[in-house]
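In what follows, chain A forms one complex with chain B and a second complex with chain C.
Let's look at the complex of A and B:
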């Protein structure tokens, strides 16, 4: 029993990271109807930002975080301008392929610059963690869960309670109508990319201490996040979070009870099961194509 | 079909190049790699180029084919060609399973599922040591007897490549290839003109997987040693880049792209470790600046020739019969809490022109979408010529004699006017389909624009092509969604005449229209909807004086009870 609880805790911790990346991915999908295949690389860049600023430049941890997030915001803007914006009037296919190209460019650009050797980072906190009668709550995982929780609440309040949040929602629902109402649609999409890149960066910063920082990190997280968003219900925000947590928990249990080498496969097995049995996901509604 | 003599000549050239040309070992290896990759890339031509579905697992299918040959020949003791067949069919089988589970859903699902499949395959190849020999790979893969010498084996690879490229190129103008392109250009429209879109997508994906497997099987024989890292996601990306660079919509483009990217790394050695990053950049730049790739760019400069038969008179072969052709009772379509269509009754008599009118948002188009099978009804019954068809798939309804057009025109924009109509005529089969398509295009007065690309036609002509496409399917009942929208006065008059001529053909028309002059001019009877319910039904004279109708349109006193 205590083993199961321990695994559950670890699974939720890693699942929170998947959820953050899935969230960024869903936000871009809702704003642009484009599936951003480079979303995982955002997390990879965030982790490398930390390695560069703290290990490379020797800056303090908090400053490293600030600089990394600022750089991610800038990167999100550049990504929009270079990868999405020139193709915004074209169909779904060219844009998706363009983001796949960006993903390859980022992975291999970083690989060529920093090499394949994984780096390690110290944890976010030095606190010892908590012990509940045999259940050990590692401080790093606690920090991940707490930060994810805060972010999700802040994001909810932002979308539901602020005018800017409402404008973003309006943009994602009907761009034409939004622009008729005077909402600067291009600006809203820019903001979405910036925010998604920052979210990805945070996920990378959070996960860096518990996984090795390597170029493979991006693809590894992205695939789980994609699976999470489908399992949750494509385009659904609470679904992305629930899906991310579900995958984190299931792969942790699978790795312990079934087999470690196939750890990365459980998410996909779950994904296939959903596609066959419940393609609309946990929370999704069956949507018809608009004729 | 192109000249068969040309085919023989090309095949001979492949053999000669392989056997006779003075190539050193290194160049032979390079050419083998290019040829086997190109076969797999041709699979992407079918699935991505023709059908518009993103597959990111081509290297996985390539790997299945390669392991099929490697393990089939070294482990099971099969002959090379038996092992090649095994690997190829295995890849195709996985393609069917993967496509079958995914292709009912939207476009991005396939991309994600293929990535997942790719990752799982890499895990299995690496970890299932008992079956695959694990990370060490499989060595000493035999080549077929008699083709062991490298130049001979190269000749085999080139020959298979040539045959594949020829077949894939020919497919583009065959009915199946046209159906694939229809799905790519406009899946909804493809379904209502009778294309079973799900089936076409699965076939495309399975063919693509087969070609991946075939290329991979030959690759295993070429290099005689394979290991899991040769079939990773990165390699799928390389194959995708090859297809895109050359031009994914034509077989020639795929071969050009593959040859360039196999040879380029040799020429671009100075890029060293950055060359994959450059691939990524190239993908973005191609999408932005040259979306049709090198060959697409070159081919776009040539005019398209169209082999359209001499048009004869259009004959619609379905007898109109007597009584009600379409009988709708209590039809309902709810979206969550919104009752877009809420218990509508509608009776369309055989041979009449029936208009469906109502204010914006009254549920007209939703009704049409339910009738043509795009939406599943929440409730109610739909009988077409006496048969219950509520909830049937669009392509089955098309086969049952239902044609439609869309308010916002939905043509297959990259195909010619004639090809658009030809896709609508496929039920007739073979030469008859071409004759029927020519007659339908002539009927709307556009026989002389047969070779024009649909997207390049003026708006009024696009409407006519869409009507011709629906007519080519030999409909008993034709649903027209605001055919007069956006037409100028002359075009509207021409449309009025066309509708009269359609009536002369014996086709029954159900027409949504806002232009009341046109409705009064052509309609025998009118049904009026408001807020998803029928509020009036009868001849134009009765209906247009009906107080509720007047209220719904002008918002007078009586209208309040509906607001």
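Let's look at the complex of A and C:
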């Protein structure tokens, strides 16, 4: 029983990181109808931002987080202006290719400026974790789960209870109608990129103490996060979170009870199963049911 | 106007002649200098998961090239490295090797320290038919009949023997867990270690393999902890995986004695895992205190690059010197004569050990045992085996 609980805890912790990155995928998809394949690199940049501010500049951890997230917000705006905005009137494919190009550029840009050496980053707390009768709760995983939970609640309140959130929702649902109603669509899309970059940055900051900081960090997470967003129903926010958690838990249990070498396969077996049996995902509607 | 225009074009052409002449002379001089250099092609990871170790490998090779050239070169010619990025991937190294091999002036190549990549490039090595030094430790690489592969590190038949013998006979460990990556290197290492433990009358109580770049090792750590193992024998391919495992093992209170393959004692692993590796043992082809040659190299490397030397720089450093010795002995870069000259190298004291090439192309036949004493890698002993 304690092993199952241990695996569940770890799976939720890893799954929460997938969920955070998946949220970025979904939010940008809802706002622009394209998939941003550089979402994983946002996490990598967030992790490097922390290394530069805390290890390089010697700033306190909390200040490092604030500066990194501020930099990520600025980066999200620039990403929108450089990668999406010039192609906004083009079809799906050129924009997707543009984001793939941006992800390659970001990875190699960091490699060229920072170098290939992986860096270490301390966790949010010096405490190793809590021990409850054989169940070890790693402090970093606890932080990941708690912060994800808070972000999800804040995000829900923002989208459902604020005018700005409703404007963002309106933009994602029908850009033309939103524009006719006087909503600044370009501004809303800019805000979505800014928020997605910050979310990616938070995911990178949270996972870096566990996986180390390297240029491969983004790719390591992004593929699973992408699968999570499809499993949840692409474009669906609760679905992205549930998909991320499901993948984290299933791959952790599968690795322990079935086989570790096939750990990465479980996420994609689940993905295939959903694509075959429930292509609309966990919470998505069937296309035929939409008005 | 057309006449005038024709004149100016003519003048421009005449004025350009000296420049063209200079460019031509420059080009001839450059190609003559290049023709006089002995080119060594090196495929190494400059990007991808192993980019850090690729840089160390490059530094080691460059140090040796500088030393050979400072001593007058080989056959009166300078050595020159031509480097291609293998992107830490099998397709990457195949492409990198073929780009290098398309230059007919390259006489000798340096391949990869990762067995899976050497397996991938092997068909092209046979086709190109020129000597390739490599560092991958899967024993099968030199047993598959490719006459052009030469190993500048000891293979895993020795590392497994040393891990098993040291763990069982010196540390008296009986209940073994084997952890290995699921690639060619890890699978081969796990198979050999299982066989060598069996020879000592021990059957591992659990075997765990994992995919490279695994984000989380909780299932592996819990499996080992639940097995009641008193020993871990490991073959980790990438230091980041080793670091994640070491830290999680420590967090979950897994205090099992750990004897690992060389990655457990290399610079990148020590940097990433830190105290999580304290108290572990490893077999290491490179150790700064194992010989005077190694010590001198390690000091020079540290002074130049400000990081401690390890096997990544060690095997490429030795490979360049071995190539230089073979070219000097063969008095030519003709591949067949070069191959014979490499196989004839006996008793050469490199930084990875003393090279006695056997007929299959293996140069080294032993390992150092090292101990991580609060982050410092301490030499325990050297174990050499007779050349087969």
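Note that the second predicted complex is superposed on the first by the 281 of 291 C-alpha atoms of A that agree within 3 Å, B and C clash if a C-alpha of one lies under 4 Å from a C-alpha of the other, contacts with A are read in each partner's own complex, and residues count from 1 in each chain.
Definition applied: a residue touches a chain if its C-beta (ideal position, glycine included) is under 8 Å from a C-beta of that chain, and two chains touch if they have at least 3 such contacts.
Remember, it's a predicted structure, so these values are computed and weren't measured experimentally.
Undergrad: Is this a clash or a fit when chain B and chain C both end up on chain A?
TA: Because the two structures are overlaid on the shared chain, the partners are seen to clash.
Undergrad: Looking at A:261, would you say it contacts chain B, chain C, both, or neither? Reply first, second, both or neither.
TA: Both partners.
Undergrad: Now for A:210: first (chain B), second (chain C), both, or neither, which partner does it touch?
TA: In the superposition, A:210 contacts chain C only.
Undergrad: Looking at the overlay, does A:111 come into contact with chain B only (first), chain C only (second), both, or neither?
TA: In the superposition, A:111 contacts both chain B and chain C.
Undergrad: Specify the partner with more touching residues on chain A, choosing between chain B and chain C.
TA: B
Undergrad: One more residue to check, A:122. First (chain B), second (chain C), both or neither?
TA: neither
Undergrad: Classify the contacts of A:83 with the two partner chains as first (chain B alone), second (chain C alone), both, or neither.
TA: First partner only.
Undergrad: Tell me which partner A:187 touches in the superposition: chain B (first), chain C (second), both or neither.
TA: neither
Undergrad: Clash-wise, after the superposition, say which stretch of chain C runs into chain B: 114-122, 168-176 or 258-266.
TA: The one stretch of chain C in steric conflict with chain B is 114-122.
Undergrad: Just to be sure I follow: which residues of chain A are touched by chain B in one complex and then by chain C in the other one?
TA: 108, 111, 261-262, 264
Undergrad: What residues on chain C touch chain A, complex-wise?
TA: Within the complex, chain C touches chain A at residues 46-49, 51-52, 54-55, 182, 208-211, 213-216, 218-220, 222-223, 226, 239-240, 243-244, 247, 251-253, 268, 271-272, 274.
Undergrad: Name, in rising order, each residue of chain A that touches chain C in their complex.
TA: Against chain C, the touching part of chain A is residues 3, 6-7, 10, 14, 108, 111, 115-118, 120, 128-129, 136, 138, 210-212, 214-216, 220-221, 252, 255-256, 260-264.
Undergrad: Per the contact definition, I'd like the list of chain A residues that touch chain B in the complex.
TA: 35, 37, 82-83, 86-87, 90, 92-98, 100-109, 111-112, 219, 223, 226-227, 230, 234, 261-262, 264-265, 267-269, 271-272, 275-276, 279, 285, 288-289, 291
Undergrad: Which part of chain B faces chain A closely enough to touch in the complex?
TA: So the residues of chain B in touch with chain A come to 52, 54, 56, 101-102, 104-109, 111-113, 115-117, 119-120, 123, 126-127, 187-188, 233-234, 237, 240-241, 244, 272-274, 276-277, 279-284, 286-288, 291, 336, 365, 368-369, 374-376, 406.
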